[in-house]
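After this come two complexes, each holding chain A, first together with chain B and then together with chain C.
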Partner chain A sequence: MTFWEMVDTYWLYYLVGRYPEGPLGGLALTLLLASAGLALAIPLGLLLGLARVSPWRWLSGPVTLLVYVVRGTPLLMVVFWAYFFLPSVTHVKTDQFTTMLLALVLFDGVYLAEIVRAGIQGLPRGQVEAARSLGLSYIETLRFVVLPQALRHMLPSLVNQFVTTIKDTSLGYIIGLTEVSQVATQINTLVFVFPTQIYLILGLTYFILCFGLSRVAFWLERRLAQRNSTSVKTQP
Partner chain B sequence: MPGRLRVDNATIHSLTPVFDFSMLLSGPYHHMLVAGLVLSLQLLAVTLVFAVPLAVVVALLRLSHWAALRWLGAVFVEAIRNVPLLVHMLFWYFGIPELLPDPVKEWLYARNFEVVAAIVALTLYTAAYMAEDVRSGIRAVPHVQFEAARALGLSYLAAMQLVILPQALRIIVPPLISQTLNLWKNTSIATVIGTAELMYQAAKVETATFRSVEAFLFATVCYLSVSLAITGLATWFHHRYPVRAL
Partner chain C sequence: MIRFENVNKWFGDYQALVNINETIRQGEVVVVCGPSGSGKSTLIRTINRLEPIQSGRILLNGEDIHRSGLNLNEFRSHIGFVFQQFNLFPHLTALQNCTLAPMRLHGLKPGAASKAAMALLERVGLAHKADAYPSELSGGQQQRVAIARALAMQPPLMLFDEPTSALDPEMVGEVLQVMRSLAREGMTMICVTHEMGFARDVADRVLFMDAGQVLEEASPDTFFLDPKHPRARQFLADIRIPFSPTL
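The block that comes next holds the complex of A and B.
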């Protein structure tokens, strides 16, 4: 089999797996997993981040502990716990997609919590004080003053987190999820003679996705910086 | 069905103790897990030894006067950071030996090539991240500091040693420690090419004994302890050598 015959035979399998006859796989599954993971992690990250900066000890304490534990553990460890241990508690075999999704949501949620915390703590203290002295409650201050500003500043970090999530989905390989790294390895096993080329293509695929997205983050960051500097200038 | 021996999960659970932590403290499984921990720590140490100098070189490339060298540094950093570590591992383990002549390939696979491939992948990946920290640390020291030192009569090396580096190191070391923490967690990915580190051994013990809780608890506690030690180091450094306002 020549290189181009291989490309011709397997390009569709690489992109979408056995879909539509069989389950979705390949690059499409990687993107789906990363998007779903981040989308579900955003509300979790917001809640955890708010809990982390909350003035109530009983709330911030356990959440801080959770953040430290998750940040000190490899993602693979979380994946293994979810894959091998969770079924013995729930008595339902969790499939690979759900396992990876759960691990990613927990992991991303905790990392986003730190981004949310930094976004909130990065605001000038006077903002909260002014809002509180105007008679807004703690929740109202968060809702109308803190979050709208903090979330805008978090946008570039969110895009960067999406890049990290795409890279993290590759760990699905280890539990046999047919995302793009797994599919590339399957093709390599079938074709056998082009390992270097196959893994270069795999690397290039991730590179195009992640580099493109990180450029978007960079552009967003610059635009935010410009916007901030102009808004400072127009202030009387 | 009377007379037929039924063995299901419930029976197994009633026959064996729910948790058996003694297997973690002695016996063959204890030795496997400890050997895994030792290899993980070795991966961490060896990678650090190679990655830090490489990161400094790449950072200097990125700060060079010549556009070609700056570009080379940027390509290194972006090409490596935008590809998952797992793919780096697969590439070095499966992709590279194919380019070598057959005898060399067989020689490699007959030895512990998976350890070498893991170290190469980890080194490049960690160096790409560290290079950015080193670069921003050096850039954070204002150039006038250097000019002032030279104007006071210090030589180039003396200015670097007495003025620039003491300030830059305070800025560079904390992010390098946090990259070390990432590296420690990343060593677990070496399991994908069969490097017998902690995660690999934990999975192997789990397969052999079906005691997922014990095996994974051991691994989790090990990962957390070392992570905590690295975080402690970062806190200590932050208090001992705080960044001074520039």
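The block that comes next holds the complex of A and C.
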């Protein structure tokens, strides 16, 4: 089998797995997992981050504990928890996709929460004081004054975390999820003679995804910066 | 209008306000001055509860403002506060800075809020900068927008915390001009400032503070021409000839 014969035979399998006859897999599954993970982790991260900076101890305390536990644990361990521990509690066998998704959302949510916290606490104290002295409530101050500014400052760190999420989907391999790394390994086992090429293609695939996302973010950042600069230049 | 009764405040071990007893009447313009660290900023920050107090009472129109259960947001919306560092919201235009609070708190429609805010920007001489972002304005312009933003809530009382101290010298005049016209219109104002010309022009009273205490209170003329307390004399000498060598 030549290299091009291999490409001709397996390209569709690489892209979508055994879909539509069998379950979805390959690159499509990786994309689905990454986007679903981010879509759920962003609101979770925002909520956890707000909880962490909230003045109410009963709320910030437990969330801080969660952040420390998850941050002090490898993602692989979180995946194992979700895979082995979760079914023993719920008595429902979660499928591999859901398992991986849950682990990713929890892990990313915690990291995003720390980014949100840093973004909020990085704002000058006077911004909150000015808003509160006008009579805006804590929530109104967050929504109309703090978050619009903080989110803009957070953008580079957020993108960093998004890129990490895309790459982290590859850990689904370990619990037998047929995402693109698993599929590449399967193809390698079947074909056997082109390991270098196969894993180069796999690496290139991740690179294109992450690079593309970085460019989109860069473009977004520039557009926001053009509209107005958030630093008040005349302040000492 | 405002009464301080035996107010004490500590930052940890450090006592920032010592037994403050003071009354400020409706329509009065009071200037608070004193060396840095004397507690003057702390004093006016306790009036809208940006700083808590540890003992004593502050009454606004007879109501204890540091009691728990006070509707803090409602209460603060009746006091305008102008900061040394302006603290405009950098992601909003000058106009939006002035419409945010009235729209949220008074439930004004955008049209009505903009109209009212434009009138205020006109009053501080910045109607033509309504769509500019704070980063596009000079320091003096930013501070004038900040005054307009505070006025937008139609507060009966305005507090100024060293409003001209962060400004380049040539911009001080334009801000004082706005404050002068406010004072002449009968606004109750408490201004922490070292602008002696301003104090002589419009202040009804000057309070001199040092080490958390009000050491002297007098009419501007009496205070500037014939200060009683030695510390006040020293202070006035220092700010008049700032770089004189100590002999």
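Note that in this section the second predicted complex is superposed on the first by the 214 of 236 C-alpha atoms of A that agree within 3 Å, B and C clash if a C-alpha of one lies under 4 Å from a C-alpha of the other, contacts with A are read in each partner's own complex, and residues count from 1 in each chain.
In this text, a contact is a pair of C-beta atoms (placed from the backbone, for glycine too) under 8 Å apart; a residue touches a chain by one contact, two chains touch by 3 or more.
Worth saying up front: this structure is predicted, and the values here are computed from it rather than measured.
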{"item": "First, second, both or neither for A:126, with chain B first and chain C second", "value": "second"}
{"item": "First, second, both or neither for A:170, with chain B first and chain C second", "value": "first"}
{"item": "Which of chain B and chain C A:210 touches, first, second, both or neither", "value": "first"}
{"item": "Chain A residues touched - chain C or chain B, whichever exceeds", "value": "B"}
{"item": "Partner chain(s) touched by A:186 [first = chain B, second = chain C, both, neither]", "value": "neither"}
{"item": "Touched partner set for A:98, first chain B, second chain C, both or neither", "value": "neither"}
{"item": "Which superposed partner A:75 touches (first chain B, second chain C, both, neither)", "value": "first"}
{"item": "Doubly contacted chain A residues - partners chain C and chain B", "value": "none"}
{"item": "Contact set on chain A toward chain B in their complex", "value": "68-69, 71-77, 80-81, 84-85, 88, 163, 166-168, 170-171, 173-174, 181, 184-185, 188, 195-196, 198-200, 202-203, 206-207, 209-211, 214"}
{"item": "Contact footprint of chain A on chain C as seen in their complex", "value": "48, 50, 73-79, 81, 83, 85-91, 100-101, 104-105, 133-139, 142, 146, 149-150, 153, 166"}
{"item": "Partner chain C, residues of chain A touching it in the complex", "value": "124, 126-127, 129-137, 140, 144-145, 148-149, 152, 228-236"}
{"item": "Touching residues (chain side chain B, partner chain A) in the complex", "value": "78-79, 81-88, 90-91, 94-96, 98-99, 181, 185-186, 188-189, 191-192, 199, 202-203, 206, 212-213, 216, 219-220, 223-224, 227-228, 231"}
